[in-house]
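Just below is one structure, and these are the notes that go with it.
Labels run A, B, C and D following the written order; every chain starts at residue 1.
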Amino acid sequence: MFESTLQFILAGLTSGAIYALVGLGFTIIYNASHVINFAQGEFIVIGGMSTVALTAAGLPLPLAIVLATVVTMVVGMALARFAIQPAKDADVVALIIITIGASIFLRGIVQLVFGKDIHSLPPFSGETPLNLMGATLMPQSLWVMGISAGLILVMAWFFNATLAGKAMLATAYNSLAARLMGVDTKWVLLSAFALSAFLGAVGGIVVTPITFVSYESGIMLGLKGFSAAVLGGLGNGIGAVAGGLILGVVEAMSAGYISSAYKDAIAFVIILVVLVARPNGLFGKKGIDRV
Amino acid sequence: MKAFAQRHRGLLILAACIALLPLGVQNDYHYDVLINAGLNAIVVVGLNLLIGYAGQISLGHAAFFGLGAYASAILTTTYGWHSLAAMGAGMAGVGVLAYVVARPILRLKGHYLAMATLGIGVIISIVLNTEAQVTGGPDGMSAEPFSVFGFAFQSEKSWYWLVGGCLLASVWLATNLINSPIGRALRALHGAEVGARVVGIDTTHYKVLIFVISAVFASFAGSLFAHHTPTVTPSILGFIKSVEFVVMAVFGGMASVLGSVVGAFIMTLLPNVLASIEDFEPIILGAIMMGTMIFMPKGLVPTIAKKLRRKEAP
Amino acid sequence: MRGLKTIAGLAVAGCALALSWTAQAAEPVRIGAFLAVTGPASFLGEPEKKTLEMYVDRLNKQGGVQGRKIELTVYDDGGAPDKAATFAKRLIQSDNVDIIIGGTTTGTSMAAIKIVEPAGVPFISLAGGIDIIEPVKKWVFKTPHTDRMAAEKVFADLQKRGLTKVALISENAGFGKSGHDQSLKVAGNYGIEIVADEVYSPKDPDVTAQLTKIKNTPGVQAIFNFGFGQGPAIVTKNTKQLGITQPLYQSHGVASKDYIRLSGDAADGVRLPAAGLVIADQLAATDPQKPVVSAFKKEYEEAFKSEVSTFAGHAYDGLQMALAAIMRAGSSDKAKVRDEIEKTSGYVGTGGIVSMSPTDHMGLNLSAFHMVEIAKGDWKMVD
Amino acid sequence: MSLLKVTNLTKSFGGVSAIRDLSFSIEAGTIHSIIGPNGAGKTTLFNLITGVYTPSSGSVRFNDREIGGVEPHKLAALGMNRTFQNLQIFHNMSAVENVMVGAHLHLQKGLLSSLLRLPSLARSEDQTRDHCWELMDFVGLAQYRDAEASAMSYGALKRLEIARALAAKPKLLLLDEPAAGLNDTETREVDEVIKRIAAQGITVVLVEHDMKMVMGISDHILVLDYGAKLAEGTPAEIRSNPDVIAAYLGNVG
């Protein structure tokens, strides 16, 4: 009994850490621009696919990882520069359509460049499962969780302790005021997309050995990441991570104890219940209408 | 009559287009595409009342479309209902469901509302996918032919005129609604919610009302779709389909009834036109979506109408 | 007001233009296809499309069929039945095709049947669902083995090994769901008892929760997974991770090297029913299929530099049978071609030896399937 | 009986009291001004009275009915309406439609008659439009009869809000800095409008920084400082109140 529960939790944390990484990517861009980037899932795909392609071309894995990350960041910045920046004053819904358009566009490019096959990468530390009080875990899951945790810490440090991070937060809070204070808000947008793409690429690389990657992986991951970010409260990094982990564990527990057919539905029911009780997510700040 | 023409210019233009389009139609496939475009347009006209006029997003409207379709399919085949009765039951059922979910979730704003509506859509789609003994599961099911007063709609041509008529009726109803006190209340709560509340508008009531109305529009179109399409499957009520509806509304023009129709037609025709270069289809589709929203954030019809008005002015 | 008139004019003109992209002359043999080239079933649809294009191209270079060029029109339905129905209409009405090959998935094929039957166009489906040909429909044929046959082959193998208590895990979408239903239906015939029944979503990153439930179910002697794409590979890896020792069976949906590549070592010992194509070199020299599958495998792999899959084979068989029927009929007259397809007898294809009849529009039997076990990253024929 | 009676009203945001233990009352038929330095809590007080915020404690009674925490749209139905310091204009509508929204409470709004645009509804709409045009004339917006709200100047929008509030036929009208950002001519025009509104028997409550205007038209003045009452009385009393003079550093008038 205890073993299965632990196994469900570990399964949930594995998926949850993946969702958390994607959710964190949503959060960074949201914080810098109040844009929900529905192309976030594509960053993961581009990161994973490029790594696969580069290693297949004979590059050593570490070099492939670095190059793939750079490629993804360039794509992210191009997206910011050519699709988001020119539409800065557009309505929220228009921006949603732009990022959805971007995700379709990028999916098309990925399909054209890398093909439609499903790919995998070798796990970083082999495939011998770790035994934990009767439950098992793949070493790669630890990589995902560890790298997620590490990235969260780096992000927290970046936003709280560096000038660039603070400038980003200031821009999100009040773009005009930030500009008047000498913050280059265009730069902020570009860096936010670059950062978010970086997270996506790293995420894509560490999760590929577990979930595989194909040109279509981004849809599901984007959806789950968005769910995680909203569940936790938009704009809150810790919230996105908590949201992702909760989502993963709820899914695994539902599959284990209630019904595997309805596990995704149950996860969404939980999200709805949370939102009705807390309209700004678990960790979101309550907004007040200023009149 | 002149006042009617003034108020319903868009409606008259649309009627003219519907009447003239068959001149360019060469075969049933063309009718099929136009019928689907018309059905999408009915959904989008309703959805635009919610998104464009009342300013509330829904990423789950395909679920209402799908529920209408399944209601018609299940009630006419499994239970042998008359197609009109099934359609009415679907609309009523969807209306009640929309009312029940709308009250709690419409307190949410922006992306949170988007998430909640998306969630409801996904939940409904999972239920229909899983309860295979009722719905046929992923393989779906078919509805009986659509018949009104003994006339069964079989040919694509008869379907074209049916859907064209329904679309015109939908546009007429939507235009009337927008130009009524209810429509003003909706636009007001979009423009300045606190301002609207303070002058006496029960904003929650109107948000719920329009959510229900737009869901009923979707259910209506879904019922027609079920009778026209060979099989109703869960793919018609997935998240992607919901997004397609929103894209049509925003692309054609928010807060523009005519825009909804134009958006639905273009976004339905486009994939068919691009089908012959399918490898590039997503790239072109994505580029068009981004480009339109970047250069015409208000959508196609309002932007073009504004340009033309400026040109006409001396 | 003048502006609005202009819009109206443009709208009408635009729509008319958009709708008149078809203009044809009437010489070639027209073959239409709608395939799931994108979407969850894309790794079935993609090789199908490539195969059709390659062979049509090759035949045209050799002068076509009876002196007539072959014109192939392929549409991508993304696996969506409603799109498939529209494309079926388009192929029939607009492209005036003589025969339709396609429907990668059961759902898209079933939707298209509603269109092709009244229109009277021969249709060869590439999907597994038994509903496509049962009951028999006048104009509808199919090339792959049915999901029921796959289940039967697996259960027969289990029976042979004396394993009777089976845990079923299936993908919560078209192929898996249909396979799941067929498995439940035929299990009894082989004395098999389904003791656990779990599902997963096509893109789930982890299914250890479902497998843990199976692991905890008392008496499970084997696990049978019905699905395609990445799901079965994740099931395979998770099974190994949990240290489940009971034998794992997969369906014919994973009969491609991609599955082995994705699953890695975890795939060792997995059994599945597969067509002769994937084990071309292991077939007995006397096997009549051997020359056919070896040749096709070679041609495909040379052309695309990637491992041939059974799905490519389904398309190949469909095309060959269609062309053979057209040649026998001496024209592309739809009714004659249909009759000739139905008379297909002893056609040696990649999927088996096909002999159709008015009551059997598939023409394959269980002998077309081989039980295959994966060993050291490759297929090993069991029987 | 007072039209509006505020007793021991307190509102705090996260521990900070924006309004502290405030009590005052407003008699029907008067012009009542609320003044005080920036951040004194004037707009918060308005938001509490009009239901935009819910009081932390204390009571607000309107027409002898407790209204603390009652939703704004219900207050409007009871006869209370307001304008905003930061405009709440419906920029997505025409000017006259903005005013027509104000008349919402008094219109027939059945769903069926709206969808089908029944003749009775069409007639009622025409009448409302005419009436709202008159209201626009009344506040001096005659030249904007056919304008889009998004094309109007700040000063005109301020008056448009007044016309919109009047369309609701309020008993009590709260004006939040109606003269802020206006030039002298415009201020004088608004001044005139307020007097004419009061002359129709509508009770007016005013938050305003323009002391000349406040002293000129008010019957009664309430001075707030740090969310609490500093002084209350007629313009003459306020002008000579030493606390007020101190708070304003002697810059009154």
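We take it that a contact is a pair of C-beta atoms (placed from the backbone, for glycine too) under 8 Å apart; a residue touches a chain by one contact, two chains touch by 3 or more.
Because the structure is predicted, anything quoted here is derived from the model rather than measured.
**Q** Going by the contact rule set out at the top, which chains touch both chain A and chain C?
**A** Looking at chain C and chain A together, the chains touching each of them are B.
**Q** Measuring between Cα centroids, what's the chain most distant from chain A?
**A** D
**Q** Can you identify the chain nearest the overall CA centroid, using each chain's own CA centroid?
**A** Chain nearest the overall C-alpha centroid, as shown: B.
**Q** Can you give the whole-Å distance between the Cα centres of chain B and chain C?
**A** Spacing between the chain centres: roughly 34 Å.
**Q** Suppose each chain is reduced to the average of its Cα coordinates; what separation in Å results between chain A and chain D?
**A** 47
**Q** Once you find the CA centre of chain C and the CA centre of chain D, what distance in Å lies between them?
**A** 71
**Q** If you average the Cα atoms of chain B and of chain D to get two centres, how far apart are those centres in Å?
**A** 40
**Q** What positions in chain C touch 2 or more of the other chains?
**A** Only 37-38, 172 qualify.
**Q** Mark out which residues of chain D touch at least two other chains, giving numbers and ranges.
**A** 52, 84, 88
**Q** Which positions in chain B touch two or more other chains at once?
**A** 130, 194-195, 281-282
**Q** So in the complex, which bits of chain C are touching chain B?
**A** It comes out as residues 1-4, 6-8, 11-12, 15-22, 37-38, 74-76, 79-82, 85-87, 89-90, 92-94, 106-107, 110-115, 129, 131, 172-174, 177-178, 181.
**Q** Considering the complex alone, what residue numbers of chain B touch chain C?
**A** 9, 13, 16-17, 20-21, 23-30, 32-34, 36, 129-130, 132, 137-140, 142, 229-231, 233, 235-236, 262, 265, 269, 272-273, 275-276, 278, 281-282, 301, 304-305, 308-309, 311-312
**Q** Along chain A, where are the residues that touch chain B in the complex?
**A** Per the touch definition, chain A meets chain B at residues 36, 83, 86-87, 89-98, 100-109, 111-112, 219, 223, 226-227, 230, 234, 261-262, 264-265, 268-269, 271-272, 275-276, 279-281, 287, 289, 291.
**Q** Quick one: in the complex, what on chain A touches chain C?
**A** Per the touch definition, chain A meets chain C at residues 4, 7-8, 10-12, 14-15, 18, 111, 116-120, 122, 127, 129, 136-138, 207, 210-212, 214, 216-217, 219-220, 251-253, 255-256, 260-261, 263-264.
**Q** Looking at the complex, which residues from chain D come into contact with chain B?
**A** 50-52, 71-77, 81-82, 84, 87-93, 97-98, 100-102, 104-105, 107-109, 111, 113-117, 121, 125, 161, 164-165, 167-168
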